[in-house]
Amino acid sequence: MIILIWTIQLILTPVVSPLCIGIIKKVKARLQNRRGASIFQPYKDLWKLLHKDEVISSNASWIFYYAPFIIFAVTIVVGASIPLFAAFLNNTLTGDMLVIVYALAIGAFFLALAGMDTGGAFGGFGSSREMTLSALAEGGLIFSLLTVALISGSTNLFAISSSGVFAQDQHFLSALLALCGFFIVLLAETGRFPYDNPDTHLELTMIHEAIILEYSGKRLALMEWASANKLLIFIALGVNLFFPLGLADNGGVDAILIGMAAFMVKIFICCLIIALIESSMAKFRFFRLPDLLLVSFILNVVALSLIQ
Amino acid sequence: MLTLQFFLGVVFGTIIFLHLTKKNFGVALAYALQSLAITAILLGSFFETGNISLLFIALLVFIVKVILAPLFFIKLIQKHRLLFSVSTYLNIPLTLIIIAILSFVANSHKLAPLTGIIPANHTLLSLALSSMFLSLFLIINRKGALSQIMGILSFENSIVAFTIFAGLEQSPALQLGIIFNIFIWLIIATVFMSMIYKHFGSLDITSMKHLKD
Amino acid sequence: MFDIFFKILKTPKNTIPILGNDPDQADIVAVGEKIEAKVKRLFRGSLAVRQIDAGSDNACEQELVALSNSFYDIERFGIHFVASPRHADMLLVTGPVARNMGEALRRAYEATPEPKIVVAVGDDAIDGGIFKDSYAVLGGVNSVIPVHYQIPGDPPTPKTILVSLLKILEAVDTAPVTSY
Amino acid sequence: MLEIIASPISFFILLELFLIGAAGSLVLRKNDASANVWSSFFAIAGSLWGLLFASAILISGQALSFVAGTSPFPLLSLAMHIDMLSALFIFIISLIALFCSIYGIGYVKHFYKKYNIGTLGFFYHLFIAGMVLVVTASNGIFFLIAWEIMSVASYFLVVYDRNDENNVKAGFLYLVMTHVGTAFIIAAFLLLYKYTGSFDFEVIKSAVTFIPSSIKNTIFVLSMVGFGVKAGIIPFHIWLPAAHPAAPSHISALMSGVMIKTGVFMMMRLFLDILQPAPVWWGLVVLFVGATSSLLGVLYALTEHDIKRLLAYHSIENIGIILLGLGSALTFSSLGMLPLALLSLVAALFHTVNHAIFKSLLFLSAGSVINQMHTRNMEEYGGLIKYMPHTAFFFLIGSMAISALPPFNGFFSEWLTFQSLFQGIIALDSSARWVFILAAGALAFTGGLALTCFVKAFGATFLARPRSAEVSHAKESSFPLLAAMGALAALSLLFGLFSGPVTLFLETIGKSFSIFQSAPSLLSLPRGHVLTVGSGFASVSGLAFLVLFTVAIFIVVWIIRSAINKKQKIKIGATWDCGTDLTSRMEITATGFARSIVLIFKGVLKPSIQHEIEYHDAETRYMPKSRTVILGVRDVHQAYFYRPLHKVVATLAEQTKNIQSGNINTYISYIFIALLIVLFATL
């Protein structure tokens, strides 16, 4: 039974993540009064890309060839070590918050190197901006997870999600501030709206897309899928650490089903919020983003100091 | 005891004379007189302690300092016609005032522990100390190279006097060492003097200032 | 912010339905070698289009831009425009290939991974149109890269382009009739 | 068997090996090849013996103290005390010296005709022997002698490549700064001697209660400055980015991997062992210095485009991280929370070991790149991964380890430092807590910025297309170079995977400190590889991460490659850049990469930009012929602290110069006045 739950936990992230992208695109289309593609369109895109040939630039090195696999595998590993639908699986091996942050940093590392590898102007600038943002966002990310960890007394994510953060009312304010800080960092890390427009065509404004301009075929599919996984991971972290209601706390089949359903509902709400933000806000100028990330860092520091 | 006082007075007087004299010739003679006094003091201490080596040292001092050195200097003065090369930084009254101050300092109670090593010849020691200060001042005050050398030699003599009165019956080896270095010193001084003379055309030290970068 | 959302929710749906059987809309001329059915079936679910302006007078561009507004809404068929030819499956080339765009067009063609479809949109792209035989123009797109389909019209209406694209993929009769 | 190895005689054999190596290479200096062989052989033999000796002591666990013969001077006694801490440092020194010597066999070949290999060998052996003595000496004066040997030997190694003018200038700066630091250390030791009556650390340690607290604080400040100069903390770091790049690469690897750690070693010995009942503000000061050093170190590294200066700045950053661990250990020990103090000390020790490994790996691989490219400027590299694939791979592993990416060792020591800071945030209150929060913030940002800096370093050097003709005839480095780098890379992975057992072993070393004898341990190792802190507060396992990671990669590759995508072909085309022809000037350079961060932190880094436009003819000024942009970064420390200091010292020197009036009489009057003053003073 546990093995079954673990396999679900392993495959849940890659399976559900294109759905999030689909939902966000659908809601944005609806808000632009368009009908938009079906929410399963990303699956079709991935399936098509996996069946296409590839054109790879001549001065790409082995890093360009293997980066997509490494980044995708990192998102799988991180997906397996965060609470998705079940809080009782205490994965003490890689479930620590710092392991998650620095594992995602491996993904960012190889993403940026892949961007620089083919020597195009856009790839270079994309990875430079991507690294600048992820460097500045790291402070806010670690501190928001730290606040939640200190409230619940352990840095293991499964332990945090099993002990409700908003349950203890004297820590309510610091949990709230940590949530706001975390949400700002979520938008930064996954390249969503105020930081980077995911479906822009103007190469000069791209941050994340500029890196995958060079990819095609199955490697492009893996890169898209990995960024979708990363989005799901951050949503799952945001949702399950702060609002762990509905997470299964025992191995029972009903608890698991409720957990999965609750997880889906929470993901839908979060994607709705992200789409609403993307439709109501303009993309910030690049040099105003550090101030936003500093705001997130300050929020988390204040939250941290309010705990005692 | 009295005689020692007398000889030391001679040494002190010669140093005062060295300060005042204008002519180099007198300087050489004063130095000879001073060395004579020192040999007398040495003989005096020989009689007291009966140490044969002291006698031998006194003889040596007598030969080198009383005979050789002045002859040497006189020959040097004649060779380079240095009769009047004695010029000083401070004029006479000022030097006298400083001499007075120095001797007062030497005799002051501040330096009492130094001069009171042997409470018996306290006065002798303070006199020797003041002579040391004066000879040091002589070196500073003189412009001519010859009188500076004289200052150093008299300084050396006053040190010997001071050590004898302080009862430091040094071993003969030390005495020999002193004599030996005086001898070497003389050779260097002459070479030094001749070089200065050849290079600057005069024995005036102030011309050395051009050596500065 | 909330007044925007209310306004959005209040405006009626105006996406036009695409019916399979109205003949006059589809105006497509197949040229060059045939695209196998397997490739068409692959692209039916999701088609990435890279629009290349080879010296066009922007008439066809206006129409192509109109394709992604709420009226025609090309996305509902899984067709979306992409930034780089590497991601593209279909190259929509507009305009008579100007002399200095020839090399760039050829490079874009090289950069697009197989299997790919090249569609020349508008009379200029087909054979040079009104600019035919001018010294600054290389003539139609097929003088530079192999072309599979041509959509005549100067410029063709967005509906024609949309239905022609679906026709190319033979997706018209199978695509869900989007009337709601 | 252990007793024989861990005995004074074997320690003498260790020193003998290095001295014979030094003497021999001097004798053979006429013939380069034999001098190189001789010095490398003895260096390798010496470091192997050092490894054996250190591990024997570490395993047997009993300290070793003895006096090596009688000393001519009363205060100096050649007393040596090798406890677990100094054994650990001997282990690090000999480990890195081993790989640097192996690297040196191949690397020194390119000095053959230019310089005298004998002298290189001589100073190299003296340098290592000096370091070994520094960590074992237990008498103040003997320690200072060893310290001086180490500094002077490393000075001669820094100026070894003397044809290059600024190497000599860097060497001079290094010499001046180290000796300023040594002056502070001597002052501290003199104060200690004044109040405890002896220079022996044991005696000082037992008599530490006699030292009044105000004197103890001055001793703390003096030794902090003194050892801080050697460790390269922020205000005193300006010699480090100048001196380390100047030295030959295997020497700069040894210097920045191990030599700056001797400063940290003495800080640990002094603050945690000898001057033990320490007030709280000591730890907070060390924490603050660590935080500023790590943050500013990585920011300055980002502005660099000289690869070795970049690595030197990263040494400052990592020393900052080690000081964070040390600072929290000091604060906890002065507040009586011994288990927490033990945890943070273990974090500091683990990061010292890790930093020695991956920093020397980075310096060696950078050295082999410079060896091929004959320049240190990263803007002229580019595309080297196709010409030097193995060196690129080892540099990649080094940069992953230094930016604390999980499977490698950098992550686990930074993880431990984070845990100690988190425990501090929980356990402390009021002002101390704020210092811990800011320190944790600084560490978080340092991690992110270090990652950015190493993406820049690796990307600008190895990826994309060559930006200068020199790249095309760069060849892969020879076998000894690759062997040394390969071994270090493997070590950094091994220390990452087995971080659990290594941390527990370091904890036994931590327990050898007198104050931690009875401290209960917060670290536990359930299931043999899961390193847990404080019964479940935090746990991580390097092994499990790597296994899960490799399994995930194989599944992904298998599924994508075979199940879905059998018949797809890969076509090699040109990089897409909207159709124009791509020149190598269009790709991103190191300065371009870091420019956005430099602009974001412009308050701290003060970037300067200069435009120069050259027109076809000056009057009309319409047709610009060429436009040059000069991007610079002003060194704040140089401008606001060292240059004014230099000016003050220069004017003072100017005044004292006119004492030199050239007149003998004045000189003698000075003597006379001095005589009088002394007489008056003494009587």
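Labels A, B, C and D are assigned to the chains in the order they are written; within every chain, residues are numbered from 1.
Keep in mind that, in the parts below, contacts are C-beta pairs under 8 Å (C-beta built on N, C-alpha and C of every residue); 3 or more make two chains touch, one makes a residue touch a chain.
Everything numeric in this text was worked out from a predicted model, so none of it was measured.
Visitor: Out of C-D and A-D, which chain pair has the most contact pairs?
Guide: Per the contact counts, A-D leads.
Visitor: For chain C and chain D, what's the span in angstrom between their mean Cα positions?
Guide: Result: the chain centres lie 60 Å from each other.
Visitor: Can you check how far apart chain B and chain C are, centre to centre, with Cα atoms defining each centre and the answer in Å?
Guide: 117
Visitor: Based only on mean CA positions, could you tell me how far chain A sits from chain D in angstrom?
Guide: 36
Visitor: Measuring from the mean C-alpha position of chain A to the mean C-alpha position of chain C, what distance in angstrom results?
Guide: From the centre of chain A to the centre of chain C is 34 Å.
Visitor: So which bits of chain B are touching at least two other chains?
Guide: If we look for residues of chain B contacting two or more partner chains, we find none.
Visitor: Please list all residues of chain A that touch 2 or more other chains.
Guide: Answer for chain A, listing residues that touch two or more other chains: 51-55, 203, 213-214, 217.
Visitor: What are the residues of chain C that contact at least two other chains?
Guide: 84, 86, 110-111, 113-114
Visitor: Could you please write down every pair of chains that are in touch?
Guide: Applying the touch criterion to every chain pair yields A-C, A-D, B-D, C-D.
Visitor: Which residues of chain D touch chain B in their complex?
Guide: 660-665, 668-669, 671-672, 675-676, 679-680, 683
Visitor: Note which residues of chain B are touching chain D in the complex, please.
Guide: Touching chain D from chain B are residues 89, 105, 110-114, 133, 136-137, 139-143, 148, 205-206, 208-212.
Visitor: If we count contacts the way the header does, which residues on chain D are in touch with chain A in the complex?
Guide: 382-383, 385-386, 389, 392, 396, 400, 403-406, 411, 415, 418-419, 422, 425-426, 429, 433-434, 437, 440-441, 444-445, 447-449, 451-452, 454-456, 458-460, 462-465, 526, 530, 532, 536-541, 544-545, 548-549, 552-553, 555-557, 560, 564-565, 568-578, 582, 584, 586-588, 592-597, 599-600
Visitor: Which stretch or stretches of chain A touch chain C in the complex?
Guide: 25, 29, 31-38, 41, 44-45, 47-49, 51-55, 199-203, 206, 209, 213-217, 220, 276, 279-280
Visitor: Once bound in the complex, which stretches of chain A touch chain D?
Guide: 50-59, 61-63, 69-70, 72-74, 76-77, 80-81, 92-96, 98-99, 102-103, 105-106, 108-109, 112-113, 116-125, 127-129, 131-132, 134-139, 141-143, 146, 149-150, 153-156, 159, 203, 213-214, 217-218, 222, 286-287, 290, 297, 301, 304-305, 308
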